[in-house]
Structure formats: C-alpha cells, structure tokens
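Shared between the two complexes below is subunit A, which has subunit B as its partner in the first and subunit C in the second.
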Partner chain A sequence: MANGTLQIKAISGHAGTVPGKNTSRDYDVCKLIDVTTCIGCKACEVACLEWNGYPFRETVFDNTYQTMPDTAWNYYNLIRFNEHVNEDGTLSWLMRKDQCMHCADPGCLRACPADGAIVQYTNGIVDFQQENCIGCQYCVTGCPFNIPKFNPTTKKVHKCTLCSDRVGAGLEPACIKACPTGCLHFGTKDDMKDLAETRAAQLREHTSHKDAGVYDPPGVSGTHVIYVLHDINNPERYGGLPKDPRVPWMVRLWKGPLKWIGNFGMVAGIIGVAAHYMRFGPKAEAEPEESKK
Partner chain B sequence: MTNGWVDIKNTDMMLIMGGNPAENHPCGFKWAIEAKRERNAKMIVVDPRHTRTAAVSDMYVQIRAGADIAFLGGLIRYAIENQRIAKEYLVNFTNAAFLVQEGFKLPEDGLYSGFDEESKTYDRSSWNYESGDGRATPNALPGNVAADLTLEHPRCVYQQLKRQYSRYTPEMVERITGVPKEQFLKAADLFTSIRKDGDMKNVATIIYAVGWTQHSFGTQIIRTAAMLQLLLGNVGRAGGGVNALRGHSNIQGATDMAGLFDSLPGYLKIPSVDDKDFDSWIKRTTPTSSKPADWDSWNYYSNTSKFAVSLLKALYGPAARKENNWAFDYLPKIDREYSWTHIFNEMYEGKVKGLMAFGMNAVAIGPNSQKNIDALKKAKFLVVCDIYPEETSDFWRAPGITPEETKAIQTEVYRLPGAGFAEKDGTFVNSARWLQWKWAAVPPPGDAKLDQEILSRIFLKVRELYRKEGGAFPDPILNLSWNYSIAENPSLSEVARELNGRALDTGQQLPGFAALKDDGSTSCGNWIWCGSWTEAGAMMQRRDPADPSGLGLHPNWGWSWPMNRRVLYNRASCDVSGKPWDPSRALIWWNEEQKKWVGNDVVDFKPDSPPKDHMGPFIMNAEGVGRIFAPLAAFADGPFPEFYEPTESPVENALHPKRSKNPVAERFRTAMDKYGTPEEGFTIVCTTYRLTEHYHYWTKNNPMNVQLVPEPFVEIPMELAADLGIKGGDKVKVTSARASYQAKAMVTHRIKPMTIDGKKVYQIGIPIHYGYRGIQEDAGRTARSLTNSLTPTVTDPNAHTPEFKGFLVKLEKA
Partner chain C sequence: MSATVAVPQTQHAGEIERYTFAERLMHWLSGFTYLYCLGTGLAFYSPHLFWIAYVLGGAPTSRFWHPIVAIVFVLGTVWMHVLWSRDMEMTEGDKRWLDGIQAYITNHDEQLPLADRFNAGQKLYYWLMVYGALFLLFSGIFLWFPEYVPRQAAWVRRVMILVHEVAALVTIGGFIIHIYMSVFMEPASVTAMTTGYVNRGWARTYHRLWYLRVTGQKE
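Let's look at the complex of A and B:
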C-alpha cells in the first residue's frame, strides 16, 4: 500500500471486478492520532524504542507523568501530558503523542544544505539519511514543530522516520501496531482525513467537545501525521502544538528569495567577469620590478 | 465479570468506579473506547483522582476515597424517586417482591437487628424472608416465600430498599462523598437515563476493580452496585452486568482454583470443624430452593454433592470411597480465619512458623509492611520462589535493620528460581472467565524451574518422609492422587485434563458438569471448569476468532466457565415471555416451536423450562432471582449495604455519628497495629494505586519500565502543596500511624481539595510500585520505602481484603 507497488491488478479464478482496479488512489500515507481516545499508556513510546533499537536511558522525575521533557535524538516518540483547567473549573488532562509530523512542505528539507541528507518519498514520508548529514542543524531551525534532534557524539540529526523501513515493506509503523485503544490509525491520507473528519463530527454532535476538529495545518501544506483534537482552536494546550505552523521566514528567505538573489548575484558575477574579459581581454602581466630600480 | 471484556462494546453507559482500566487494563479498555466510538456510549468516571480513565470520560466526578456506598446508595434513591427502574425485571427476576420477616431492622442508627456488642458479630436469624405458609424457619430460608407482586407491602424487599436509601439524599451524598449536589444529580441523571420512562432497550454496565474491594466494607460496595444493576434491569444482558476487572493475568484462575482459605476449587465451601462427616458438610453447604409458591427455582447448587464427590475422587482417587465418607476426613477443616492478614498476624504472634511464598511478594503486597517484616523475623523458615531478588526474600536487610540486627535474625531463607510467565505454558483465566491456553515462548533460563516441577519435587520429598517416618496423619499425603506421566514435573495439559474430569469406568473426558455424579463414578478437579478439555479436545486451546452474532461472544475462542457461557444469567436478557429486551443485542430467547431456549450465547438456564413456569434466571441462587436483599449468612455486615466510614477517617459518619465504622470489620490488635485519628494530626486521606507503566513490584527490575516512570512519587493537590510550601519534585515525607514513606512530590490539579461534612479535606495518592530492591533502589536513587508500610491491617469481614484505600496520613517536606 505504501508505495503502490503491491496494488492488485488481476486475481486468478476471481469472478467480478478486481477491488480497487482502475480507481485513482492517493498513495500518500498518513498517521491519524485521535487524541480524544488516547490514554497516555506509552505503548507507542516503547514500541518506537524497541523497533529502532534504542537502549534504556536514564530519566529523572519531573513532576509529571511525561517520560522526559522533550523528544530526543534516540527518543522519537513522546506523549506530552498537560493539565488544562477549563473556564468552568473542570480539568482536561490532555495527552498528545508528539513526533515528526511529516509535513508535505517540510521545513527541515528546505533548510538542509547537504545533498541527500533529507529525502521526501512519494508517499509523503520525510526521512533523514544520516550518512549524508553534515551536522549543521539547519533542519532544526527549519522545523516548526521542534522535532529534529542532534546527537552530539556522532554529529548527526535524527527524528521519527514514520517507520519508513516497515512501511516500505507493507507494514504499519511500530507505534500504530502497539496502540491498545486504537487511537492510532494508519492508511492513505484521504482515508485518514475522512476518518478524522467523521470522528470530529461525531465528537461535536454527541459529546461536550463542540470545537472538536482535525489538525492538518495548511501552513506546511498539510502533514502526514494528523490529529483529532477536542478543541481545534487551542492546539497550543496540547504541549505546544503550534496553531499555524509555517516554515520559519529565515529559512524561506534563505532558501527562497535570498537563494535566487544569491544565484542571480552569482550568475551576474560570472556574466560580469565574461563581459569584462571580452571588453578588456586578459589581465596584462605586470612589468618586471627591476626596471623601476 | 458477569459479562466479558469484549462485551463492553455493547453498552450504552459505563459507570467506572473503584477502578482505573485505562491505566491498569489498557488492552481491555479498548472495548470501552469502542463503545464510545461505535455506539456513542457515555462514560462516567468516579474516582478520588482525575486518572487517565477520567481523561477520556464524558463526566468525571471526584469522590472521597471510601465514600462509594454513599454515592451508589444515592443513585439507588435517585432511580427509585424518578422511577427510572426496570419494573417487570424487578418484580419477576429479583427478590423485590419477597417479604422480609418481622423483627428485621434497618440500620438507621448504624446497626441492623441482631448485633452483639461483645463479639462484634451479628445474629443474622432475623435477616430472613417471611414464610408463605406461616411456618417459621429459623436460620434457613423458607421453601415457600411470601411475596407481594405489587411491591407495596411495607415489608417487601422493594419497600425496605426504598426506606434504606431514602436517607441517601443528594445533600447527604454531598456531605459524605464531597461530590457537590448539582454534580451528583447530573451524574445520577446521566447514569439512570438509560431507563428513562421505563424503556428497557438501553443498557448500562458497571466496571470496578480493587478500588472497591480494598476497604473495610469492600464487599458491600460491590453489593450496592449489583443491587443498582438489578434495580435498573442491567444484569444478564449484553452490554450490562457488574464487571470486576482482575488485577493480574490469572487472578481469576487463582480464585477459581481456591486461592482463598475458605473455598475449595470451584468455590465449594471448605468444611469447618463442626462438619462431622461428608453428609453434614454437604447438608450445611447445599441450599434448598426458596421462592414464592407458584414460581420455579432450579437451584443449581442442589448438585453440590456431585461436585464435591467428584473433587474428592480427583484428589484421592481410589482412596475416596463411599465407605470412608469419600475421604472427607482428609480435607483440611477450618476453625478460624486463615486469610493473608491472619497468617501474618499469627506469624507475628509466633504461632505460624514458616511461609512458602510463590508468585507473591509478601512483604510488599500486604498492609503494614513493617509488621510483616517483623513477623518474618520470628519465622523459622521462609521459602520464596520468584524471578527477581525481591523484598520478601531480602526482608532481613530491609531499610532500618542494622547489620547487627540482621545477624540476629534466625529465619532460614530459601530462594528458589522460578520461571516467568513467558517461560511457562498453561492457562490464564481472564476477568471474563475465559480459559485461554498459552504456550511457552522461551525456556526458563539457567537453574530456573517451572512451578509445577518445584512444587512436585517438594511434595514427593514430603511424601517420602511421611512414608518413612509416619507422622500424625499421613493418609491425606500418602493417598493423594498423583498419576502423572512424569511425577516430578507433570505436564500442565495433563493437569488441565484432570481438572476437567473424566468418567472413571470409560476413562473418557467429561463433556460438562451435568455429567458429574455423586456415586464415585466421576472425578473432576474443578466442577466449573468441567467442559474445558473434553473428548472433542482442548476447548481452552481454541483460537477461532469468528463472532457470528457480532456481539463479541467469540464462542470458539478459548473456553469460558461455566459451560462456555459468555454472559452469566443471560435468561434475564429477555422479558418474562422470553423475548429479548433489545432484539439487536439478543443473547438467547425462547423458541416456542422447539420448546427450548436458543440463541447466540450458551443458555445459562434450564434449557427446556418454558417462560410460563416462571423459573428465575439466577439459577445459582436458591431463590432463582437476583438478591436485592441478601438473607441470612450471605454477608457478615448486613443484608443491605450501609455506608460506614473507613477505619481511619477524617470525619464521623454523617448518617450515624455514634456508629461511624463498619461494626464487624476486622481490626488487628498487636503492638504494630496502630490506627491514626484526625486529633493526632492525621488529617489527609491517602489512597494507593498502580501505574500503567509498571506492573506491581516486578517492573522496577526492567530498564524500559523504569525509564518511563523512574522514581516513586506522591500526588499532591496544588492547594495542599501551596499550604505546605511544597513544589513539584521536592522530597516529601508521608506519615501514618504505622510508618513513614519518602518520595518526590508530584503537584497536580488532578486532585482537588474536598469539602466533607463542612470540613476541608485533602486527599493524596501514592503508587505502590517501589520498594528496596530494583534498578533504582539498588543504585540508591530512591528512599527505598514500601507504600504499604503506611497502610493499616484492617480487613473486609467477608472477603478479608485489606483497606489499602482511604487511610489517614500527615504530609511534610522531607
């Protein structure tokens, strides 16, 4: 499913139509996180660590149920726990699984100067290729979600791969497989978007969450990880999910107009040099110094 | 569970109270989420803390720990006042219409009729039904019960129920529980909305765990829930029931197999010293039917003798014969309580000389840890079989014991290397009563051995000694049936077949407990499991996920006792005429053409009893109906539950201040058993619990779990922390009348201060998972204290479960 290589075209001994044949499918993958049914059990955290082979690391108690304050270069997936006191005095204990959002317009990729250190697959997964990483950390600056993390020992940057290795083999990401309540879903972007909107509508209609909605921020052209939130108007409450994430203007400027200005300057310089050469010819060799003596 | 895990998806309404399934049963909790997602079911969570379950609920109600009966009693009153009850169900399927005999008194002053102040027990003879034929039946249920089907007789159970809970007004609920009246009424309206205008289509479930059992009145909390469910007609139905979530993967199997001192396998009552022979034991423990004259009652326990003889045949084989009372004399007889707390109490008093602890960390799991450590110091020997070095086998170097003291301890400690769950095959019986076979994933490492090998080798050695040396009464040991292919390491499939039972003449596996006989021709190790391994094969090993009804019954997946019935009392899922209350969730129904009960689930009823015969659906009760009033000896502390304060409580009982506590709760009286009062400064209500990241006292040895929650902590309300100048992460000391506990403070909005009877009361909470052995403990990163060092040795008089929830402490910055 992930890259469309295994879609069935014909089936032996099969009467009737072949399911899915000739239908136009969007093969962008997507992870849906229904925050309203997440119980913060951290099974996804453990599955992520185990799949990626990262070892136990020491943590310290930090006055919260959250495993550690932030994701780390070897801890891609973190549930953020936030206590929010509502206007009516009731409490919302919000738990949000935080990881790379796999933006359709990835700021990290835009910012990265190293050839091949960040790639975006046709299915939407944004993947870091550590062998090409030069450790400049421009991707860290480029990410509006504060996701890429630097390993000071190897001088490489890491983040959630959306289990590109599993997805490429037709499996769901490890976190999805581990989730006990089914708050995590994985499929095509169209399907997940549809599922998410249906769930948000159900919440608006049948529960007290009248502002439920789907988080798929347009500022980064949508993401391949989307959330159903109880309150779409206040994503910041869920451990700092940005309301309108965008690729930072510095990166846009740097990789957009400035790049063109730079390119223009470079080309103009070359043209100038050529013109100068044609007009004035090669630089004359200086007269020997001795003659001055 | 009366129902099952998967069945929760069929519900319209969940009351989750005394349990925190999102954290402690995250995999099973998927079905609660499914009900929300697929049926728009509502979830009400009532808990002292805003838990992870509360986080996904539709309504969270903060309650004072231990005030549950007041809340549930208030719900009963609300349902009656607003007539949100199941009238037809109530009249026909419960004892609501039965008359209670004259002389029974409700506990308006805190005591039922029959209390003896001296012995602190009840003479329960007045807690009985009125006989329909005018004959008095002291200390036995009348065969013919007087009833009033209009439910108007002032002494009928329904009117007594109404009177009993008329005192549990919303105002009283607020005074006791701390739940504001408006919030209580909102919750009551929501929960009982499923029975609005008496409509029977919708159904509600009640889900609980040890948050209800661990009180000095725990059984009565669960009773109140069961009564509420009967009142609303929710028992026996898909999506309904009273559902206990078991806290370990095989705790259900352990109780089924008599992991309780007062029962034999299959919940047969253990003989007492007063039972002189087999017949008197069976006579005492076999109920006779008790119902209105024109009703019918199957009274399935009338078969007790068949279950008992078959058990004795399984235990003693040919040595159990009719002539020797089926070897009744071999069975242990009880003369007093032998619960966990009693064993340790007697060890502390020097009477119990040794302990074998398998699959339990005795020092950590019981109340008042220091007393248990001191008790072990007095024992001659201690055998611990576990997979990690743990607190019990290391009791002699618990914090506070000096090296000199350690040297003085004479207890001989043996540590046996057990095997972990993934290294063993056998069954788990889950909360839904499903027996599910598992295969070993890896062999036990090193010298570790399977439990059955360790136990068998000990048994065979002991038997050899008896054979050589005789002893006071060697017969039960010498004659114990031990016909396994490999005596010193029996295969568990062989044991499972033995538990199912067989016909002794043909040697064939029995198809079910209906085939059991009391003439010595059948043997069966556990009658409720009969049918789990038949001639057709190992039912418990089945793995067919098919679910033709779509109700989550999965009839060919594993096997559930009794007789693969997935929902108990499922006759009650139909009206009196035998039609399902809700055809879209039909479990069984009466088929007039076939003249029998048929359906999606296995019928939990006499299959050919037509509705017109009016046989009661609750076939395990002598009455055939659900007990709203529990007569005679059913419970030690009253036929209707009454709210009592926890043993350590910040206030007096608002209902009857002179009789604040459960008068028959068991308190221990040794020098180590101290109880705190608010006057002594113990003013904060404390409760204990588990975290989803940890599993009891095991996972402190697993780096991954330790990473997720590295250290013990104490959850403290913001306001209390501000009062005491405590910040999140500060070290704090919690002190009860028994001991002190140190950990870091987790300052939170999730526990709010409460107003109890006009008094401001704080609650705090402590996870149980830590101790003095483990990764962080061994590295010296924690204070190495046991949560249960704080808890009191007070137990429920029926189940003997200690009061771990709702005791008093002081809190200070350490």
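Let's look at the complex of A and C:
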C-alpha cells in the first residue's frame, strides 16, 4: 500500500531510515466506539469476517451472548458481553467492541525483532505484514491489550488492520459501514475526540452516568480507536479493558538499555582481545625437543 | 606375490593424544551448533544484525531452525559433560591459579600452579557454557512455544526473553575469549582439537600434571 495515506513512519526491527519518520499528516484516522449505544448485534463482527475473507470459525459457548471467548487470528473483532451488578442492585449489561487499538506507541512494534513485520503508517494505523513475520510472537508479549493472535498452521500473527486496505482507498473500515446504531464512527482523531467528549458530556449532564468519559489511554500515547464509556473509572468491567495500559517495562528493558549494554559488551570484548594480542602476544611456542630431556 | 609399500609410521610420532575422536566430534558438534544459534540469535537480537538471518536462509527459516539446532547443541553439551565433567572439577590448585590469573593474562605462565588436563580458565569457560546452556534451554522452551503460555502468565514470557538474552550475552563473552585463546593465543589447541595430538613440549609446558600422568613420569 504505497499510496499517500499509507506512508510508513515506523518499521519493526529496522536498522535503517524510515521514509515517513517524524512526518505528521494533517490528520490521524480514528475509530470511535460509543459503547453506550452498542446493542450487541454483531453486524461489525460479520462485516469484519466478510471484508477480510475469513470463514466463520469454530466457537465455544460459554453461557453468554459473546460469539467466542476471545478474538482469534481469523476473528479480529469481538463484542464482549459483561454483566455488572451495580451498587444499587441493578444490572448493567456492558457490551464492548474489542479489536486492535492502534496505539500511537505500539508495544507490538517495539517488541518485534523482524524487519518490516509490523509497520505504523503516518495516519496512525498499525499493520502487520505477514510475509515478513517470523512467528516469534514477541508482539503478543509486547501488546497491553492482548490483541495479536498466532496462526499455528502458517506460524504468522494476525490482528485487526483498521481496514488499512479500505482506508488507503478512501473508504471507512468495514465494521463502521455495518453498524446500524451509529455507535461506531470513523474520521480524524481530532473530530472523533471532539465527538466523543461531546457525547460523554451529554451522558454526564442528561443521564445517570455521571462518570461517563472518553478512553484514549495516555500510557501508550493515545490510541487510534477510542471509547466512550459509561464509567471511565472502571474500564476493567468492559471485558478487561486495562485502566492504564503501557508497553511492559520489561519489553522496554530488553529492547532498550539491554541492547546497548550487550552491544557495548560484545564490541568491547572483541576490541579487548585484539588489544591484548597486540600488548602481550601469543603464548610462547613450546619446543618439541624439550620432551627428549 | 604382492609387494607391500612400507608407509613410514611417522604420523603423530613423538606426540601425545590430547583429544579422542569422540571428544573432537562432540566439541565440533557443540561448537558449530552454538555458532548457528549465535548467528540467528544475534539476528533476532539486533536490527543491525538482522542481515545474518538473510544469509542463513531467511528470517522465518532462522526462527524455525534456531530452537531445533539449539537442542542439538544442548545434546552436545550433555555429551561433553559425560566425557569431561571429571576433568573439569575445580581443585585447590585451580583456585590459586585463578587468584594469579594476572600472570596468565600477562604471559608469565611460569608463576602459575601447574595445570592438569585443563587449566582453571578452561574449566571456568566449561562451567559457564554448561550453566549457560541450561538457562538458554529452560528459557528457550518458553520462547519456542509462547502460544502455550496463558495470557495471565504473560510476565513469564517477558522474563524468559530477558533470561534468554542475558544468558546468551554471558556465553558470548566466554565464546569471544574461547575463540581468541584457541585461535590466536594457543594455536596448538586448534590442531589438538582437529588432529587430536599435541607435541610433548607443549603438553609439558602448559599441562604439566596431565603430561606427567599420561606419560607415567614423575617430576
């Protein structure tokens, strides 16, 4: 996808320059999910499968309306159904569309060792390039949202592309197109943030949801999928949405300081032995005749 | 009436067998499998070294073979332990040798306690690789099959990658010194590890206790 909207600004495991590094476009794209108007119809799940060309996969019935327990390598998009008992004894039936959040600081891309297996476009989309994937699953380890999923047959990892192939052609993602309630919106990050804040304010002022707010976690420098939640203080209730997602510090450690310590150590070791050779030279050759003593 | 050609039996005449065929086979099996894992591992370690994976057949191929070759390396190390663990036991003399390692580094070997079949430095490298292999194997299993580590135990994957990296770096440190010592400092040791033989003078100079033992001499 070499067109303008899909110019690349970050490449996993890449030593050289990146064409779009530090460039910023006029706008980042963003998907807004207003969970307060989701009716759990799963039209987005179907549209996702259809656009990506996957057949419906086997599932497990777990006594909920949820299609399957978790997203899968060929099931990027899943409505999570959660029943929450409120303090006053009433029940909240929470539905959250779960898929890749397209973090501005993507843990998957940071953790990935394979050159070009994960790219980030200047419009904010984080995309996996399966032809470069080596199947090590470090991305799974680096993701704070449990999104990348491994295909055991092809040994490649897959996840939601935010329909980069549609967005690159000027279309909205398939899930957005299928949503019947207007709970899903797609546009620029600024516009979506604005719309989300307006909706959250409306909920706070005109409904009983006094803690309504917008989920755009700063720990990963914001995401390109944002939520309006009834209760911004308890995102975990929505099927385990993390309160303060971050790239795990251990991933930062082994992709950051440890690399530099190790590289320094290896280079210093090689220089060290070379210097030793010049200073002291090899061990003295032993005379074979000595044995005849 | 066939005439026999008299081949002069001069090969290894006056030399001492340092490594048996089995020991040499075991050493090079461990050595080359380590080298492969080192190359592919470095490719995954740093983007600046990712080209090594291309040289070795492509990155997905390297990812596929790295753990399998590593198992052969571990088996080689187990074999090594069977053959050498007794010779590698640290003695009182070795402790004094290590205390005086400065003399070894500065090529004043005459100031050091006499070495047996292996000197204390070789023993140190041996144990470093044995324990390194154990750590690499244990952590490597998690890296080989991360899909079987449940999400609730994601921290295990993170820790194991760290352990694998640190263990690899420690063995690389030993490996650099090993290659330097054998190829540059003591070229006789490369010959010993390929042909199996060393001359008596070398044995007497650098591994006196072993020399006296195998030749049945007394000092």
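One rule holds for everything that comes next: the second predicted complex is superposed on the first by the 239 of 293 C-alpha atoms of A that agree within 3 Å, B and C clash if a C-alpha of one lies under 4 Å from a C-alpha of the other, contacts with A are read in each partner's own complex, and residues count from 1 in each chain.
Simple rule for what comes next: a contact is a pair of C-beta atoms (placed from the backbone, for glycine too) under 8 Å apart; a residue touches a chain by one contact, two chains touch by 3 or more.
The model shown is predicted, which means the values in this text are computed figures rather than measured ones.
**Q** Quick check on the superposed pair: does A:Tyr277 touch subunit B, subunit C, both, or neither? Answer first, second, both or neither.
**A** second
**Q** Is A:Leu91 touching the first partner subunit B, the second partner subunit C, both, or neither of them?
**A** first
**Q** Considering only the touch criterion stated at the top, classify A:Gly53 as touching first (subunit B), second (subunit C), both, or neither.
**A** Neither partner.
**Q** For subunit A, which residues belong to both interfaces, subunit B and subunit C?
**A** No residue sits in both footprints.
**Q** In the complex, go through subunit C and note every residue touching subunit A.
**A** Those in contact with subunit A are residues 14, 43-48, 50, 59-60, 62-64, 105-107, 109, 143, 146-147, 151, 154-155, 157-159, 161-162, 165-166, 169, 172-173, 176-177, 180, 184-188, 199-202, 204-206.
**Q** In the complex of these two chains, what residues of subunit A are touching subunit C?
**A** Touch residues, subunit A against subunit C: 13-15, 113-115, 132-138, 140-141, 146, 150, 152, 155, 248, 250-251, 253-254, 258-259, 262-263, 265-266, 269-270, 273, 276-277, 280-291.
**Q** Looking at the complex, which residues from subunit A come into contact with subunit B?
**A** 36-43, 45-46, 49-50, 55-65, 67, 83, 85, 90-95, 180-183, 199, 202, 206-208
**Q** If we count contacts the way the header does, which residues on subunit B are in touch with subunit A in the complex?
**A** Of all residues in subunit B, those touching subunit A are 22-23, 26-27, 29-30, 33-34, 36-37, 40, 50, 52-56, 58, 60, 692-693, 703-704, 706-711, 713, 728-729, 744-750.
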